[in-house]
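Heads up, the next two complexes both have chain A, just with different partners, chain B and then chain C.
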Partner chain A sequence: MTEILTLARKEITDLRRNRFMVVLFAFLAVAVVLSVIVASADFRLKIADYQHYVDALKAAGSSATAPEPSLFPLQMLRGGIEYLEIIGSLFAVVLGYSMITKEKGRGTLALLFSRPLGRYAFIGGKILAVVLLWVSTVAALFLVITASLLVIGNAPLHGGDYVHLFFAAAHTAVYLIMWSLLAMSLASLIRRTGTGLVLALVLWLVVVLIIPQIGDTMDPDNQIPGGLFASLQVDKSHEQAVMAHFTGYETTRDLIEQTSVTKQYERATFAYLGIKNEYNQQPLSFIWAGTFNNTLWLLAALAASVSTAMLSGTKKIILRKVS
Partner chain B sequence: MTATAISTTALTKRYGPHQALRELNLTVPTGEIFGLLGHNGAGKTTIVNLLTTLMEPSSGTAEINGHDITTAATAVRRSIGYLPENVQFYDNLTLAENLIFFARLSGVRSVGSRISEVLDFLDFSGHENQRMGTFSKGMRQRAGIAQAILHEPSVLFLDEPTSGLDPQGVAKLRETIISLNTKLGMTIFMNTHLLAEVTKTCTSIGILSSGTLIYQDSVDATLKSFPDQESLEDIYLHIEAGQRA
Partner chain C sequence: MNRWTAVIAHELLCTMRERLPQVLLAVFVGMVAASAFIGSSARASVTGVYSEAVRQGLTTVPNPFDSLSPLYYARNSVIYIVLIGALLAIVVGVYSTLRDRQARTMDLVLSRDVRPSFYLSAKLAGLGLFTALLLAVSAVISIACISVVAGRIISVDDGARLVGLYAVAWLFILPFLCLGMLAGLYATSVTSALLIPIVVWSVTIFILPLLGTAAHPVSLLNPVASPPAIQSGFFAVTSNLVNPLSLGEHFKHAGALILADPQATGTVTTSIWTILAFAIAACVAVIMTRRGRMRSALHD
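Let's look at the complex of A and B:
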C-alpha cells in the first residue's frame, strides 16, 4: 500500500507542475464555472424583474397577485454539466492517456520495474492518482458552482438541493474517472502512442458525441425547432397517445442511447438536478427509482475500466508494449 | 553473501523467430567489475534486462546472489541497482523529490539521511532542489547512479554508462564506479562500447557475439593471453574475427 501511495503522490506532484495539464484543468473549470455564473446572473435578473413587477403592482395600489415565476436554481447547472460531459471527458482521456505514455516515452519504466514493487503497485498508484485528482477537482468545481448559485444567483437553496448537488457531483466524478482509466488501459495495451490516442479519441467521439446525437435526432422533440408536437400544437396527453403507436421506435431510440455511458451519466445527473422536468422537485427516492439503472450502468462502466486498467497495467504487459 | 554474484545457466531469449541470446552460461564472482563487450545487437542490453527482471527468459535460468530471476524476482530486485542507458527522470520534480520517490519504492527506511549520504558519496550535494529538467547529461548520469545505489544494492547494473558523456564526465564516472566497488564492495556489471574504459575500470570481461558468449576472463589474464595484440580493442577485434571465421 505504501508504494501505491508513493506512486500516487509522485503522479499528482508531477501533474501539478505540468503546465499543459494545468491549462487544461483551468480551461475546464473556467468553462463550467462561467456557464453557471452566467445562468446565475440571469436567474438573479429574473427574480429582480419579478420583484420589480410585484413592487410596481403594490405602488399602483393593485390588489392583484402576480404568480411567482417557475425558477429552479439547480437547472442552471445544465450548461456546466454538458461541458463536463463533453470537454471534461475529453480532458479525462488526455489525462489518463498521458499518465502512461509519458512513462513509456521518457524511459522511467525501467527504473520503476527494476524495484521490488507489487504486481499491481504501478497501475494502482496511477488509478489512485486519477481518483484523487478527479474527486478533488469535481468537489472544488461543485463548491464554486454552489457558491455561484448562492452569491451571484441569490438562489434559495434548501437542504435537499445540496443532497441533489452531491449526487450530481458523485456521478460526475465516476464518469470522469471512468474515461481516464479507459484511456490509461488503451495506452498500456497499444505499443504506438499515436495509434492508441487515435483509438481513444474515436471511442470518445462515438460514445460522447455520435451515439447521443443519433438518439437526439430520433427524438421527435428534436426533429424540428421547438419540437414536432409543440409545432403541431399537440398537447402532452395527445403526444403520449400518438407515441403509444410508436413504441418500437421509442424502444430502439432508447436502446441506442443506453449504449452510451455518456447518456447514462446525463440522464442520472439531469434527473438529480431537476433539468429533466419529470424529476424536478421530486424526492430522492423517486429520482433513484427512475434512474438507478443509469447509475448502475455508470458504475458497471467504472468497474470495467478499473479492471481493464489493472489487468493491462502490469509490468509484463506494459514493458511488452514499449516501442 | 555468496561468492558468486551473478550466474546464468543456458539463459536464452527469443523474440519471435529471432534468438537474441543463446544458452548463455556466465559467472561473475562477488566483488568484480565485469565489463560486457559486444557489437550493436549482440544481446548486451537483453542480458541486463533479463538480469534486472525487466524481461523473462525464454529458457534457462539465472541467479543474482543466489536468487532466481524468475521465481524470486522481488528478492533479486532488492539486491540490485540499475542505471539504464540514457537514464531519464521526472523532469518536473527536483532531484530530491526524484530520489525520495525511488528510495521509498526501494523500501529505504531513513530516506532523508540516506539521500544525503549518497549525494555526499557521489560529491553531488547542492543540487537537491533543482528540477531534473535543467540537468545536463553528466548530472543526470550521476543522479542515475544515486537512484541506483540508494537502497545499498550488492550488485549494480550499468547499461552503457558513459554513453553521451564528455571526457571529463567519463573520467568522473570511472572514479565513481571504482569507488563503488572498492569502498562499498558492490559487484558491478556494465555494458560498454568504450574498450579503453574497460581496461581502466573493469577487473574482468566477457565478449558477446550474436547472442553467444564467446570469451570470458579477467582483464589482466586477457592482456597476458594475447601478447601480440597492443590493446584490449585489438584483442576484442581479434576474438570477434576468430568467431566469425
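Let's look at the complex of A and C:
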C-alpha cells in the first residue's frame, strides 16, 4: 500500500510540474466559463425580447399576457457539460496516455520495475493518481462553474441545486477517470508512442462523436430546424401519442445511443441538472428512478477500464513491449 | 523522375503504408457509405411520423420531406468530413513531418541541394494528392450508395453537386493537413504534436460556433442547418468576431447550399472564399518553415 501511495504522490507531483497539462485544464475551465457567459447572454436576450413583446402589447392596448421566460440556473450548464463530455474526455485520454508513455520516453520504466514492487503496485499508483487528479480537477471545475453561475449568470442557487451539482460532478469524475484509464491501458499494451494515442483517439471519435451523432440524426424531431413536431404544429402530448407507433424504431435508436458511454453520462448529468425538461425541478429520487441504468452503465464502464488498466499495467506486459 | 515527383511519390507511399491513418481512413470511408443509409432510415421515419400525425388529424401542413432531392442522403457526409476527415488530415500531416524528424532524414535531405520551401511544398503536394484521391473515392462511394438508396442512378446535376461538395471538402481539409504538418514540425514531442492540432480543431468546430450563435456543441453534430447568428447585444459582437474563424460552420453552410438543402439560406461564395483563405494561409505557413525548425530534435 505504501508503494502505491508513493507512486501516486510522484505522479501528482509530475503532473503539477507539467505546464502543458496545466494549460489544458485551464483551457477546459475557460471553455466551461465561456459556455455559462453565452447561456447567460442568451437568457438576457430572451428577457429583452419578452419585454419588447409586452411593451408592444401594452402600446397596442391589448390586455393579453404571455408567460415570462423562467430562469433555471442549472440549465445554463448544458454547453459546459457538453464541453466536458467532448473536450474533457479528449484531455482525459491524453492524460492517461502520457502517464505511461512518459516513463517509456524517459527510460524510467525499467528502473521502477527493478525495485521490489508488488505485481499491481505500479499501475495501482497510476490509477490512484488519476482518480485523485480527476476528483480534485472536477471539484475545482464545478467550483468555477458555481461561481460563474452566481457571478456571471447572476443566478440564485438554492440548497437543492448544490446537491444536484454534486451528483453531476460525481458523474463527470467517473466519466473522465474511465477515459484516462482506457488510454492508459492502450499505452501499456502498444509499443509505438503515437500508435496507442491514435488508437485511443479513434476510439474517442467513435464513442464520443460518431455513435451519438448517428443516434441524434436518426431522431425524427432533429430533421427540421426547430423540430419536426413544432413544424407540424403538434404539441408535446400528441407527439408522444404519435411516437407510440414507432417504438421499434425508437428502441433501435436508443440502443445505438446506449452503446456510447458518453450518452450514458450525458443522460444522467442532464437529468440531475434539469436540462432534460422532464427532470427539471424534480426530487433526486425521481431522477434516480429514471436514470439509474445510465449511472450503472457508467459505473460498469469504469469497472471495466479499471480492470483493463490493472491487467495491462503489470511488469510482464509493459516491459515485454518496451524491450 | 525529377526531385519534385520523387518527393510526392515518396510521400504517397509512406502515407499509404502508415497503419494508423489507414484505420481512420476505413472509419471515414465506412461512415460516408453509411451516411446514405442513415439518411434513408431518418427519412422513412419522418414520413411515417408525418403520415401518423395526418391520420390522427393532428396536422394539416404539407409533409416537409415531400419532393426532397436524393442529395438529402448525403447530408451526414458533411458532418463526417468535419469530424473524421479533418482529424484524418491532422494525423496524416503530423505523421508526415514527424516521420522525417524521428528518422533524422530531414538532415540528410537538407544536406543536398534542396531548399526547405521546395521540399515542404512537394510534401504538401503529395499529401494534397493523397487527400484528393481519398475524397474522390468517397465521392464515388457516396454516389453509388445514394443511387442504391434512391433506387435509381442520380442525375448528372446531382452528381455534379456531390463532386462539388467533395471539391470544397478538399479545400476544407487542406488547412487541417497543414496544421498537422506544422504541429509535426514545431512540437517537441509526439504527444503534443498530435494533441495541439486536435485542440485547435475542437476549438474551431465546437467552441467558436457557440460564442457566435449560442448553439450547443452537440447540436453542431446535427446536419440540420444551424440557426442564424443573433444580431443584437452580446452576440452581435461575438458573431462578427468569431464568424470568419468558424471554419467548420462555413463548410457546413457551403455543403448545405451545394446539396440544395431547402432550409439553407444565403450564398455559397463567402463561405468558399473563407475556406480558401484559410487553405492558402495554412499552405504558406507550412512552406515558410525555416530550415532550423525542420531539423530540430524531438524530446521523446
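The rule is simple: the second predicted complex is superposed on the first by the 290 of 323 C-alpha atoms of A that agree within 3 Å, B and C clash if a C-alpha of one lies under 4 Å from a C-alpha of the other, contacts with A are read in each partner's own complex, and residues count from 1 in each chain.
Heads up, the rule we're going with is that a contact is a pair of C-beta atoms (placed from the backbone, for glycine too) under 8 Å apart; a residue touches a chain by one contact, two chains touch by 3 or more.
All values derive from a computational prediction rather than experimental measurement.
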{"item": "Partner chain(s) touched by A:V234 [first = chain B, second = chain C, both, neither]", "value": "second"}
{"item": "Which of chain B and chain C A:L284 touches, first, second, both or neither", "value": "neither"}
{"item": "Chain B versus chain C as contact partner of A:T13, first or second or both or neither", "value": "first"}
{"item": "First (chain B), second (chain C), both or neither touched by A:F113", "value": "first"}
{"item": "First, second, both or neither for A:E3, with chain B first and chain C second", "value": "first"}
{"item": "First, second, both or neither for A:L319, with chain B first and chain C second", "value": "first"}
{"item": "In the superposition, chain B vs chain C on chain A residues touched", "value": "C"}
{"item": "Contact footprint of chain A on chain B as seen in their complex", "value": "52-56, 74, 77-78, 80, 82, 84, 86-93, 97, 101-102, 104-107, 147"}
{"item": "Residue numbers on chain A that touch chain C, as the complex places them", "value": "20, 24, 27, 31, 34-35, 38-39, 41-42, 44-45, 48, 78-79, 82-83, 85-87, 90, 94, 97-98, 101-102, 105, 193-195, 197-199, 201-202, 205-206, 209-210, 212-214, 216-218, 220, 222-225, 228, 231-234, 238, 241-243, 245-246, 249, 266"}
{"item": "In the complex with chain B, residue positions of chain A that touch it", "value": "2-3, 6-7, 10, 13-14, 17-18, 106-108, 110-117, 315-316, 319"}
{"item": "Footprint of chain A on chain C - complex, ascending", "value": "19-20, 23-24, 27, 31, 38-39, 41-43, 45-46, 48-50, 52-53, 56, 58-59, 61, 64-65, 76, 79-80, 83-84, 87, 91, 95, 98, 189-192, 194-195, 198-199, 202, 206-207, 210-211, 214, 216-218, 221-225, 227, 230, 232-235, 238, 263, 299-300"}
